[in-house]
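Here come two complexes built around chain A, the first alongside chain B, the second alongside chain C.
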Partner chain A sequence: MIEIYRALFVGQIQAASQYRVQSVLWMLFSVIRPVIFLAAWVAVANAQGGQVGSYDVRDFAAYYVALSLVSNLATSWNAYDFEFEIRMGRLSPKLLRPLHPIHYAVVENIVWKMTTIIPMLIVLGFVAATFDARFRSTPAHLALFVPSVVLGASLAFLAGWVVATTAFWTTRVHAVSTLWDRAAFIFAGQIAPLALLPGALQTIALVLPFGYMLGVPAEILQGAVDVPTAMVLIVVQAVWVGIFYALLQVVWRVGVRQYTGVGA
Partner chain B sequence: MTEPIIEVQGLRKTFRVTERQEGLAATLRSFVRRHRRDVNAVAGITFRIEAGEVVGFLGPNGAGKTTTLKMLSGLLYPTAGEAHVLGFVPWRRENAYLQQMTLLMGNRTQLVWDIPAADSFRVLQEIYRVPEHSFRKTLGELTDLLELQELVHKPVRNLSLGERMKVEFAAGLIQSPRVAFLDEPTIGLDISMQVRIRGFVAEYNRRTGATILLTSHYMDDVVALCRRVIVIHHGQLLYDGPLADLAERMAPYKIITATLRDGAAATADLAAYGTVTARDEGRVTLKVERQIAPERAARLVNELGDNLADISVEDPPIEEVIDRVFSEERVGAAT
Partner chain C sequence: MRYLRLLAIFFRTELAYELEYRTNLALELLQMVVIITTSVGAVLVLFNYTTVLNGWDLGAMLVLLGCFYLVQGFGELVLQPSFEKFMEHVRLGTLDFVLLKPASAQFLVTLRHFQVVQLAQMGLGAVVVIAGLPRVSTLGPAEAAGFAVALVCGFTLIYALLLALSTFAFWFVRIDNLMAIYWSFLDAGRFPVDIYPGWLRVTLSTAVPVGVAVTVPALAISGRLDVAGLGLLVVGTVAAFFLASWFWRLGLRSYTGASA
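Now for the complex of A and B:
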């Protein structure tokens, strides 16, 4: 399997190199939204004497810088690609190879992250300096951030595949994935740090999986939660990864059966 | 009898399709209630193919050819029936089966668009776990046969259709499959590229002994490659046997071509010998019932005497036979 991954990596890096400019533009685009929210929250905080809940302006800056980084590392676009692959018949050749199609997507995601991480860090460094971001994280937070972001990325990836497999039943998976993204927008910590969501929404966010993809790793990196809490959140992340892994096994098996039943 | 490589028993595939009339009212109704109809794409076919055979799979559009190939390669679950290829049930898609089989579709691509084919070949080598020495040997052979030297280092998107088809072939065969399903492998290619692909398939079969099931709308492909053909129409098997016998079985007539001297072709009344189907450049073409064709040809020789420069008695062209089979089926279906 290592040799397969190495060959897939080489191919994918070559493919990505054809689209360097596009990659950087997408990366910049992904930073714009958090920066807009950061600017909005800074305005709100300044209007309220510099504080919203437990967050001041510099905390917001640290949170959204961390969230942008986590978004870059944890987001995947499988659902959109998958619909295209099914509609254009591109999935069929992959199904006829002795390798699960998910492996191509794993490599695509990792290569995307590798090719955009350096310019991303430069841009985020600039944003952090501009807004004077204050990170409260200790070395323990930084150590916990690594498994947390890996679990967040795994969760987002697996959940993305579960959503994408709806393309086996409807060729308009785009609508389903857009609904999913809207839910993530509210509950993953993009619109506001989870700690600042109103009571009911916060409870819902902690029950749903979205916050464990982005918000939780961002808060750990920022140092917004203490180390014991961070460890509990990581355990919950791992549980969600397990749930979506099991779910994917089931929907994939049923979905492929459906796909090959009605016409591939 | 040897163990068949492909064995198909009562294979059937029914698709449920949604239908709707044109117009706004019908569109609105379809939101609430959809009309569905079952279409028998493959209506229970049975055949077996031995190792090393190259079999032509013929039928008009919508006959069920591609559906059958998809079931045999493992892309489609059948509605009923059984199939074994290399001893495997294809639609279980076991890795051991996928490693020994390929499905090449002339209108589909399996290569990565943005990278040179050489890099896709490397990926496929690892996926199919082809040992390095086998990979080099196979790729070397494929490169020679398909003249790929100049092509494999360009990104696939920069290749012409014919060039791309050649590298698709190489990609599909890099694992040296024992069974190849070729669905319209020469579609859209110019004549010289069609000839090359044909030559390649024949040579590949000779060198490797691979079993090949091929569909094509170009009868030249079939004539050049297949001694045996399976003809299906409306999902049902109409004929399975030697290509050479197809005309005898399916077209109960022969073509007599008489070449006449001194412009006699334009005026000679040959209707008594058979149905005149063409007159051109001194030649008259007659369609004559198969059983009486030798007798009619002998009469022509005797009665035309010195006016006859040449005469031939042949089976009708294979395209004509196939067209006749399908149009008669249509007439049969309509009555």
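Now for the complex of A and C:
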């Protein structure tokens, strides 16, 4: 398995190095939206004398910088690729290989994140300086951030595959993934830090998986939650990863029988 | 007049094409409703903590968000599909066939293709504008006229920008990335342009006039735009249009018909 992964990595790194500009541009998408909402919250905080809930202007900056980083590390675009492969029948040759198609996606995802992390950090440094971000994180937070972001990325990846797999039944998965993305827009911590979502929305966000992909790792990196709470949140993340892993096993097994190789 | 008739024909054929895929059409409509509802939700969350955001109250913000979807809907209605086809024409060399037709090439390239379903996005945008209006006190014929003028200017600014950007296809052939930058910046139009920090505000109002195209119509309908501001917008828009058209003709001269 290690041998296989090494070979896949080499192949993907070579493929990625052909499209350097493109990967940097796609990275912009992870930054633009958090910056938009950061600017909006800064305006709200300024209108309220500098403080909204437990967040002041510089906390918002730190939160959204952390969120950009997390969303870059936790992006997964399987639904779009997978729909295309099903519609064009391109999945067929992959199914014939002795390796589950998910492994190609895992490597592709990791390589993309490795190649974009440096330009990402430069851009985020610039954003952090513009908005004067202040992180409250201690070394313990930074240590907890690592497992948290890995779990968040795994969760986003597995959930992305579950959504993508609905293409076995529907062929076009675009509508499903839009609904999924918009739920994430509200509940993952993009429009507001989870702590600032009003009443019922906050409760819903804590029950749904979306916040554990983006919002939770971002809050841990920023240092908005204390260490014991962070540990609890990481356990919940792990539970969600387990749930989606099991779900994917089931959905994949049933779904792949539905697959008829359209257009191949 | 002749061009209007051509435009009507283009529109009808594209409508007929889209009506072939009804389920897809219904799903697209559903997606738009969800997207716009969640965006309104995001604004409501912000206004849960404040009554005014840089001088924009909730009503004015809703009007602005509606304008955002009007402008974005217009872009996706005709500009995006047409310019995508245009870049494909350049890459494949099939632009030859467009150039041979007895009508303005710029017209045929830029207004040829429609995603008719995007009219619904504009419609929903208008609904959001109307929802915000009762909270904005003064609406007379002057504001309505100013709004119409500003909105047309906004559409034209976006048109000019996309025309100028896509002209680069004549030299570089593949410019999908350049267009991707535009679409990612467009998202910033959902909030008033004055909330952004200096460098971003300048980019949004000059290099990528998305901020102006959305913010100014919203200012006009809430009666916060004076005649001088509107005049400036009109002059700037006309200048942008002619500059972009000139640049396009310049690019067209380097078109060599690739592989056709």
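Rule of thumb we're sticking to: the second predicted complex is superposed on the first by the 259 of 264 C-alpha atoms of A that agree within 3 Å, B and C clash if a C-alpha of one lies under 4 Å from a C-alpha of the other, contacts with A are read in each partner's own complex, and residues count from 1 in each chain.
Note that in this section a residue touches a chain if its C-beta (ideal position, glycine included) is under 8 Å from a C-beta of that chain, and two chains touch if they have at least 3 such contacts.
These numbers come from a predicted model, not from an experiment.
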First, second, both or neither for A:3, with chain B first and chain C second: first
Chain B versus chain C as contact partner of A:25, first or second or both or neither: second
Which of chain B and chain C A:33 touches, first, second, both or neither: second
Partner chain in contact with A:97 - chain B first, chain C second, else both or neither: first
Which partner reaches more residues of chain A (counting touched residues only), chain B or chain C: C
First (chain B), second (chain C), both or neither touched by A:197: second
Partner chain in contact with A:87 - chain B first, chain C second, else both or neither: neither
First (chain B), second (chain C), both or neither touched by A:41: second
Touched partner set for A:260, first chain B, second chain C, both or neither: first
Shared contact residues on chain A - chain B and chain C: none
Chain B to chain A touching residues, read off their complex: 15-16, 70, 73-77, 91, 93, 95, 98-99, 101-103, 108-110, 112, 114-116, 119-120, 122-128, 155
Chain A residues touching chain C - in the complex, by the definition given at the top: 21-22, 25-26, 28-29, 32-33, 35-37, 39-44, 46-48, 52-53, 130-131, 172, 174-175, 178-179, 182, 185-186, 191-192, 196-198, 201
Residue numbers on chain C that touch chain A, as the complex places them: 24, 27-28, 30-31, 34-35, 38, 41-42, 45-46, 48-54, 177, 180-181, 184-185, 187-188, 190-191, 195-197, 199-200
Contacting residues of chain A [partner chain B, same complex]: 3-4, 6-8, 10-11, 14-15, 18-19, 89-90, 92-99, 257, 260-264
